[in-house]
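Every chain is named by a letter (A, B, C, D, E and F) in the order it is written, and numbering of its residues begins at 1.
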């Protein structure tokens, strides 16, 4: 599968915390850690666990720019 | 200003392309380039240009996880 | 690639309109047409054109519910 | 009320799961099931329950396109 | 129609700018002006024009919090 | 920090409810209350509590327009 989302940041999962319905997954992309809030269901479906190789995928329209 | 968004990926702007109303700004965060689709107005307001230090800011609920 | 986004609606592309930076792609998913606003770049990268089989992918946190 | 969101997929609610703050609601739109992550509060406010007619509403800028 | 989105800020449209595919609509909600980036198509479909009463509708998961 | 997000609605926090992973924060912006769904982590990190001055920050592409 190839997706239109412009951002695909590859790394390794360093944290998976499931809540009641929403899970937080953290990926170390090398120099930075990206946090994703996804469904518990997706964590189970993709069998996500610490140490796995994975990518953070983000649609360009969801990215903001900040300057100091 | 401190913001609730969990992801703040610092880097350098490598591309700014303005469209009719929507601009695309690319930031090299070291090892990866992140694309943001923002308003032309924001580009002007923040005076974004190639070479500037900037950060890609992303809310955790807008991040997906992909595996091979 | 397998993605955490919970919604994957398969269909056929019925319209591709490129703007200055943002394109609108319509997919007939059988009984309904879904409109996506993506980058022109993604249209080129995925070589999207009318008649192609494709899927509309949507993160669960981007879906609202409406009732009459 | 008429809304600017381009996607309105009508169907029937097949699942409502409330978490601590976030609920997951599934709508069978005929041939596909769409999952929405909304607030528990919205579930209560709209009195959503299995069997109800409802629509999944999605802004075009939140839809991605995937191809095989 | 009643929608799950928690935020409905009523006001008056003060600006409508159409781009190639994406329009920017501004609503004065009394004390603040809210900017929406929507499709040109939605502007036409809802016949949005300066002076109209309208509401800015925002899903709670798309709102961030900032402090000084 | 200056951010590209076009909407910054200042007010006072009137409610903070933490769930298992997702918190709901409400800000009275004067005449309207805005609800944000953010991570518990962000609530802790920004030390958000009732009575604090804060702003709701929203990207223009996440704002929809509704008319009666």
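Heads up, the rule we're going with is that a contact is a pair of C-beta atoms (placed from the backbone, for glycine too) under 8 Å apart; a residue touches a chain by one contact, two chains touch by 3 or more.
The structure displayed is predicted, hence computed values, not measured ones.
Shared contact partners of chain A and chain D, listed by label: C, F.
The chains in contact with chain B and with chain D alike are A, C, E, F. Look at the contact of chain B with chain E and you find different residues on each copy: under half of the numbers used there are shared. Each chain gets a centre from the mean of its Cα atoms; for chain A and chain F, those two points are 22 Å apart. Note on chain placement: the centre of chain C and the centre of chain D lie 17 Å apart, centres being C-alpha means.
With centres taken as mean Cα positions, chain F sits 21 Å from chain B. Shared contact sites, meaning residues of chain F that touch two or more other chains, fall at 1-6, 19-22, 24, 35-39, 41-42, 46, 57, 59-62, 64-68. Against chain D, in their complex, chain A makes its touches with residues 1-5, 19-22, 39, 41, 59, 61.
On chain B, the positions that touch chain F within their shared complex are 1-6, 36-39, 41-43, 45-46, 57, 59-61.
Chain C meets chain E in the complex at residues 17-24, 35, 37, 61-62, 64-68. Taken together, the chain A residues at the contact with chain B in this complex read 3, 5-10, 13, 24-25, 27, 29-32, 34-38, 42, 46, 48, 52-68.
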